[in-house]
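Next up, some structures in structure tokens.
Two complexes follow with subunit A in common, the first pairing it with subunit B and the second with subunit C.
For the complex of A and B:
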């Protein structure tokens, strides 16, 4: 009982502080932005502003409720912890997020070419490279040893592989989170509306979903990239706007059983509007399903972006794993590590999200015997 | 004093199913007076709940449709009102309580949040006011330590407490009319008595009209002022509770009263009315009750019984008392 009252106290206290911090932060960011534009050049890049803003909002709105309901979190944690793979997945994802957040500040510029140090193998490896000597008109073998400045080696343009991988982590997470966010939000809305309203609305929305499902998303993407140019933003948008169909179906089937529950009738009897019932009563009831779907669909999205970059349809101005993979695949015989590193990262990331998604599903499902 | 607040006239709610038209409510009339408790009594499936849902405009269309009649709230015909206006009336002017409070509360929110939502929705109060109102409502319905209880989720409360929370929620906007659909069916006897006391008390302190739906005559005698007996979507008998329980005219009402277990006499078997409620898709002709009626006359299977005024407020729909049959 005391910890219940205490957490209520915290929630109330945090509410006030939160507003203050948000105002202060936006003032600071605004001032820096003004300085950035008019006085000094480039304090932060525009993306950094976005990260700081999103990060602060996530911390302010995410941590207090987690802390306030820590007993529940602890319960889920105890359930989830028994699934070792899920915990390993979570650890890897946290590591990846940390890498993406602070890594780029610590490493070299991933796009800086340096032909003096090209094709350097990872530290601890030595390779023989045949070099054409124009003076003697002969091939000589030169051995290159990995060096401390490039722990993972460099590619054929002398770009630091570690920096590229870290930059790729940021891009992959960005694409994964944002595209999944768009897809899951759309899927949830369409699924709940469809199930709740039923009748011709349901029919129309579900047939539209069918059409979207059968529509070859790849052709759409190629078309849109052709029209608007390969920008990361556009790629994220297209993946998000085409990837909601499965979510909509799942959410719809869950909502179909929810809407017959008496509390829906009761909220109607007490004067709630349709939109209110959908947003305030049905969506919170499917939130655990949404979390699981989102976690399980992130790897697909990350792979889709990597595949696009791999075939050369990605945003050329950002270094993503798919792009590094593509560069490495062309020099597989001389510099195997360039392709292997992003491959392993993709593999581990996809695996980690899948494991965590499975773990979450088991933890949220009261019927599963964990 | 004797002022009608809700008038239901010749209400007909039919359900159009694949197997035929189900006449769930077929020509019901009754008046609900200001600050009285009117009980709607009948067996399961006789159209009590459908009547209540029709008043609030909550019949799912399709398959259901209100095909005829008028429902006046004050001077407003609810059946001709725009949907949005009816929605404003729901909860604020006419509130409803459901049988099973467990499933009528949203499991993912605390009861305090759910009540506060209702207050904010209808009165536009801010968070703090809504919170204060919530606590005072919970106190009014007799929930101990209401401050704390507001932070409980439905599953953390007992059945009786949930029903009280549900009542608090429906009272949150000071409705003129409270429709209670078998609110005591899902709780045990001691809680039932407490809840009935609560209704009695609320009716008196708030001067609120209560439309109480139940199948238990014991509950009716406890709380009701007047009662309406329904059978298979039609009226059987209406009168004051005291009159009806002491002097039932309709064989169905009399049968219902006989079915009550009597604790003073040890009987081998409980009495029952033979047969079941007829199929509403293919109802028998004439009086719907005649196949089960032990006093049925020849005319009963041919002609629908007209209303017969026994005296004053006591009206019965039965050929036994009409002049045609002598």
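For the complex of A and C:
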């Protein structure tokens, strides 16, 4: 009982500050955006605005409820911890985040070409390569051994594979987390609104969801990125704005049973507005489902971005795994390692999120004996 | 029975009506996307025209008049829908033929890939799933479960590249590229489709194995299975008739849903990797040739196909399970 009182107290105290911070920050962002639009010199790229906006929302609306229900989280952690694969997944994801955050400062520039050291195999491997000698006008075989400076080798332009992989980790995580953030937020809103309001709103939203679901996700993605240009910002936004349909349906069916429950009735009887009921009563009650959906949709999003880059529709200004894989596929016969490394990273990342998602689902499910 | 017929007819009519609405939604979304997009179909000409030193503004006006871009937006929309309905899906600049012709010559390559992969994945997945469920917690079950987890997580386009690296580049067993000169209905064609089918099918296979296993396990614990065993039916009948038939229904939904969401995107990538000249490959080529009409048409066709598949799934359902009523 005291726990609930305390969490209520925290929620009230945070509510006021939260609104103030949100207003101040959006004012600052608005000002810089105006400057960015009307003054030639760029302060932030569009992607940075997205990061700041989503980061703020995540901190302001995510941390207080997490802090308030820290005992519940501890309980779930104890349950989730028993699933070893889920813990391994979590460990890999944390490692990846660390790699993405500090890795780029420790490695060489992933875009720096050096034709002196092209097609160097990973350390411990030696390959034979035929080289054209302009003086004797003959092909001679030269053996190249992996070297310490390039632990994973280099590609056909002499770019360091390790640096490219680390840069790719950053891109994949950014796209995965932010696009999923947008998609899950949209899906949650549409799902809860649809279920709570019902009637024609529900009908209209669900028909719209049907239409969106009818498009094959990846082909629609290709079309939109082709039309609007291959920029990371656009890719994140488009994946987010097209990937919410499954979430919306799941959240809707979950909310349908919640909306007739007593605490919602009581809240309505006390005069709470629709938006308050949705945000303060319905959404928090499906939060565990939201977390599971989010964790399990990140792999799909990361793969979608990688596939886009792989077919040549990635942002050319950044080095992503899909792009490295594309370069590797074109040189399979001379440098196999370029295609192998990014794929292994993609595979491990997807596996890690899948393991963690499954573990979380079991931990959140009170019926499952963990 | 006549009762069922009448509500089924109503249901089919209702579903067709919804399908028409969704079709219009699809058309509207693509229309808006193409119109709102920063590059218009005319832009591709203009670059050429400007390069040749001709008067750009005159050409712009001519192109806009030719494509009806000078008309008000609602008229453009009506024209767009009208043209599609009449079978005029636009002109492919890069291949100099109507898009419909292009589709007619290339759809079969996508079709064979998708059908073969789905059959491969469904048959093998269901068999492994059943075996896994019947021998739950056996060594085979553990291996199958583990492999299916890997199969689900492996990015299929990377799998394709790795298969080429191993079997084509290193071992030289297959060609790295799809040969269109080989007749469609021949063993050689089947052989060159092996790697693409594995590439596209592995993810599905893993998924179906998992779904079959869990659907079978759900039903294995039911009362009617105990009854069937108690009355002395052979185990084969119990598994095949009583458990599997009940597990089949959710499986069909998943297979059909996959056909829409995963297979089309997966086939797109698989065709690109192996150079199979199906719809995905021509759309991919069109992207780099800036051939607008082809990219849009491939998207539209896939969406319409999925719409049809969903419709058929729902209707088949009512026949497979007489208990189902949609009211």
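Assume the second predicted complex is superposed on the first by the 285 of 370 C-alpha atoms of A that agree within 3 Å, B and C clash if a C-alpha of one lies under 4 Å from a C-alpha of the other, contacts with A are read in each partner's own complex, and residues count from 1 in each chain.
Everything that follows uses one rule, which is that a contact is a pair of C-beta atoms (placed from the backbone, for glycine too) under 8 Å apart; a residue touches a chain by one contact, two chains touch by 3 or more.
The structure displayed is predicted, hence computed values, not measured ones.
Chemist: Between subunit B and subunit C, which makes contact with more of the residues in subunit A?
Modeler: Comparing touch counts on subunit A for subunit B and subunit C gives C.
Chemist: Could you look at A:285 and tell me whether it touches subunit B, subunit C, both or neither (first, second, both, neither)?
Modeler: First partner only.
Chemist: With both complexes superposed on chain A, which partner does A:223 reach: first (subunit B), second (subunit C), both or neither?
Modeler: second
Chemist: Report for A:49: first if it touches subunit B alone, second if subunit C alone, otherwise both or neither.
Modeler: Neither subunit B nor subunit C is touched by A:49.
Chemist: Regarding the shared-chain residue A:262, is it in contact with subunit B (first), subunit C (second), both, or neither?
Modeler: first
Chemist: Contacts for A:270 in the overlay, against subunit B (first) and subunit C (second): which applies, first, second, both or neither?
Modeler: Touch status of A:270: first partner only.
Chemist: Touch test for A:178: subunit B only (first), subunit C only (second), both, or neither?
Modeler: After superposition on chain A, A:178 lies in contact with neither partner.
Chemist: Subunit C touches which residues of subunit A in the complex?
Modeler: These residues of subunit A touch subunit C: 207-208, 210-211, 213-220, 222-224, 226-229, 299, 303, 306-307, 310-313, 325, 328-329, 332-333, 336, 339-340, 342-343, 346-347, 350-351, 354.
Chemist: List the residues on subunit A that touch subunit B in their complex, please.
Modeler: 1, 4-5, 8, 199, 261-263, 265-273, 276, 280-281, 284-285, 287
Chemist: Quick one: which bits of subunit C touch subunit A in the complex? Just the residue numbers, please.
Modeler: Going by the criterion above, the answer is residues 18, 21-22, 25-26, 29-30, 33-34, 37-39, 149-150, 152-155, 157-158, 161-162, 164-165, 169, 176, 260-261, 264-266, 268-269, 272-273, 280, 283-284, 287-288, 295-296, 298-299, 302-303, 306-307, 310.
Chemist: What part of subunit B is in contact with subunit A in the complex they form?
Modeler: Within the complex, subunit B contacts subunit A at residues 56, 58, 62, 87-92, 95-96, 98, 100, 103-109, 117-118, 121-122, 148, 151, 166, 169-170.
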